[in-house]
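Dumping the structure here so I can ask a few things about it.
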Amino acid sequence: MTTDPSQLQLTADGRLKHFLTTEGLSKALLTEILDTADSFISTQERAVKKVPLLRGKTVVNLFFENSTRTRSTFELAATRLSADILNLDIQRSATAKGETLMDTLWNLEAMYSDMFVVRHADSGAAHFIAEQVTPNVAIINAGDGRHAHPTQAMLDMLTIRRHKQQIEGQIVAIVGDILHSRVARSQIHALLALGAAEVRVVGPATLLPKDIESLGAKAYYDLNLALRDCDVVIMLRLQKERMQNALLPSESEFFKLYGLTTDKLALAKPDAIVMHPGPINRGVEIESAVADGPQSVILNQVSYGIAVRMAVMAMAMSGQQASQQEALHSTEAAE
Amino acid sequence: MTTDPSQLQLTADGRLKHFLTTEGLSKALLTEILDTADSFISTQERAVKKVPLLRGKTVVNLFFENSTRTRSTFELAATRLSADILNLDIQRSATAKGETLMDTLWNLEAMYSDMFVVRHADSGAAHFIAEQVTPNVAIINAGDGRHAHPTQAMLDMLTIRRHKQQIEGQIVAIVGDILHSRVARSQIHALLALGAAEVRVVGPATLLPKDIESLGAKAYYDLNLALRDCDVVIMLRLQKERMQNALLPSESEFFKLYGLTTDKLALAKPDAIVMHPGPINRGVEIESAVADGPQSVILNQVSYGIAVRMAVMAMAMSGQQASQQEALHSTEAAE
Amino acid sequence: MTTDPSQLQLTADGRLKHFLTTEGLSKALLTEILDTADSFISTQERAVKKVPLLRGKTVVNLFFENSTRTRSTFELAATRLSADILNLDIQRSATAKGETLMDTLWNLEAMYSDMFVVRHADSGAAHFIAEQVTPNVAIINAGDGRHAHPTQAMLDMLTIRRHKQQIEGQIVAIVGDILHSRVARSQIHALLALGAAEVRVVGPATLLPKDIESLGAKAYYDLNLALRDCDVVIMLRLQKERMQNALLPSESEFFKLYGLTTDKLALAKPDAIVMHPGPINRGVEIESAVADGPQSVILNQVSYGIAVRMAVMAMAMSGQQASQQEALHSTEAAE
């Protein structure tokens, strides 16, 4: 009954109609996202930052898990596409009055909503909604459990492409709490599809899932070894709020072994770039001298994040509409 | 001192300038609301769902009683009329700092607000504001105590008209907690004004107010009897949050006697439609097989709800402005 | 290292690029703000209240201290300039996840924000942000600690000018809790720069700071004496939430000595106007007969407040952009 997400998110002719995961997407499609995002960086540098691509469309922010930062970036992206936005405080909504989640979603669909931006603590939530609940609403995954965070991964790809010219051939290290990171999974899929030479995942044994190498990454327990010859160093946020106890000795112990310092960064290539999805914990994952230093592109990631979200929203809306038009025509032809 | 609400909400030449209640409104005016709403259903089915009728107007959502669902539908309606919306969290506002409610409203009026959408736990609150506090702001009643919920009633009328062609001649049963229902009162007034053949109110004696027949409805204690020959069955939500104890034996007992099941629905006309204002309590007021079945028009109600709210907002704003222009001219003429 | 705020908020050629304080601003610039605000009063009285001056700009409401009233007026002002607004609930944001405040602000800047409206419990917060954190974002001070509340002061100036024709030559009394009032400080600077004949500050010794006369105001402990020959009486709000204990005997005692009544108001000039920044505490600072009486212009203040905020936002945005263009050109010329 469950469809492969890479299929579910595409129209019959291979265009995006949802954006659920980077897994299974072709290099061509991922590149189209990056190219579209590039064009939106230019529009945001103009005096009037808006384009009318989603004018008159209704985008609903469905954040089951609170994240002011991510919600704000989606809200700004939708605004700059001229969409109308409904921020739904799901904790105070009808679901709280005993209505089922599916009824809530069907109601929102009946209000002529065009797109749901979904963040949920359960892996697979966005996929489930796109497949089982409201397949005619474009679903954008803004993070589901430990599974995926595809817009974050794509803004990271855009950052690498803009600062290293291309993704092909790069050696990339992803450092920290891989176990709880939906970002890392989405990054690995995208990096390999886009031709990265090598993806290294680095962390203590307790935070490195056994099966991670099956995705095509290489596991390292020693940061110093992992940094050798790296072009790109991606530091992850310690997901303290999602961490069960005893997985981590202490923050200062973690920093000593896996925190990025100027000294350690010197082991990577001299022109290596340093990334972090934010919000950063200074002195835990990363030293301030590195976070604010010349090799850091952390704030550039934030800027590119809006452009990437604009890109996937515009592409998914366009694909979703084409798909609905087609369904309408084939129904009419059959009658 | 208190004006008849049906007069208060109309201009000198009989146009809507507030929307407080369906009581006392003429068949012609109620029909005008439905016709206007019909036109907004079409605009919402277009690629760009917006019309510029309220461009540059400020609509303030004043929800003294929390209701995410209803607030969202008004917010979407205002957005699709191109209004600017201010959502006021009244619990955190200046009223909390010791300011009187009237001062808060006068302040909002002084900010050049054009319309207040008011929801309040006290019967008569919207009426009081329209008459005593801010008569030059168009007031839309989004539910006041047990008194009225006129936009809900009008979306129900639109649903009946679109699915049964006309309201004239229909036999309508309203089932459940009539006592606490502002919706039922507003429905009875609108149904009778629009020519329904018979309105039946159905529920246990504890939830059927003694005076309900004075409105023109017929009381039934037996659902099976009440459903006979019905064209339209409207199930109400059990207002558990507003219910004092001991009015209800138990939810399962209630469902056994008054819950709508496939078997019971078979007692109504074969083409009867089933409605519910939502959010629904599955297995309490209604069986899932009925709620999701072919005779249910529950999700259509939600869609029509946006169109009806657009209609009364556009009509009231237009009437309010005409009324202010006229007052201005008569003042000038008198000088 | 710290720049004089009056310099910091101006471009090289003396135009506004932030709005942090009225202190140190020239009569010409203050008058330009009032003239610009006057023009926005007219636009708000039109059927469509909006002008496209900030179209495509992103304004972020950064309220570290909650104030629904003030936030609403800034939100309406930005909306009527056609800006896009992001309301950041700073208590729930990334700062709460351990991110530093500076990282939060840098992130917002990286999202191509154009303007921050800042309210903060610490004196100097807006100044610090404008100087040290995000100098290329236009900062509007919406109240910082006990220091300044310059938009409130300017709306008071506009009120005086519109109701007394000019500020030059007026005798103004500011009455109540001067000690905790950022409003009073901003008013004194603006009044003296704009040519008021005399500014009297009136209150109990415990609420009159010793150094207030150094600003150019005259201290009075007796309200009856202070009101003699006054053209303008400004009542301040008792900042109960900011007051340490023992500064105030009791509210009724305060009202007896410093509350404005019809009798006391008769001591001022017969055409004196009465002002209050709101929200008012009826029967504490002011008697209802005065607040609602013919000499009160309290609700006019609210109306002018939107226009003044539109004026400083439009002027600061324009100056900020000119300043950035210039910096760009001089960098290019140097290369």
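For clarity, chains are labelled A, B and C in written order, and residue numbers in each chain start from 1.
Following the convention adopted for this analysis, contacts are C-beta pairs under 8 Å (C-beta built on N, C-alpha and C of every residue); 3 or more make two chains touch, one makes a residue touch a chain.
Because the structure is predicted, anything quoted here is derived from the model rather than measured.
Fitting chain B to chain C on Cα positions gives a rotation angle of 120°, stated in steps of 5. In a homomeric contact, the two copies may use the same or different surfaces; for chain A and chain C, under half of the interface residue numbers are shared, pointing to different surfaces. In whole angstrom, the spacing between the mean C-alpha positions of chain A and chain C is 41.
Residue positions of chain B in touch with at least two other chains are not found. Of all residues in chain C, only 44-50, 66, 68-69, 72-73, 75-76, 79-80, 241, 278-282, 299-300, 302-303, 305-306 touch chain B in the complex they form. Contacts from chain A toward chain B in the complex involve residues 55-58, 84, 86, 88-89, 92-94, 97-100, 103-104, 106-107, 109-112, 321.
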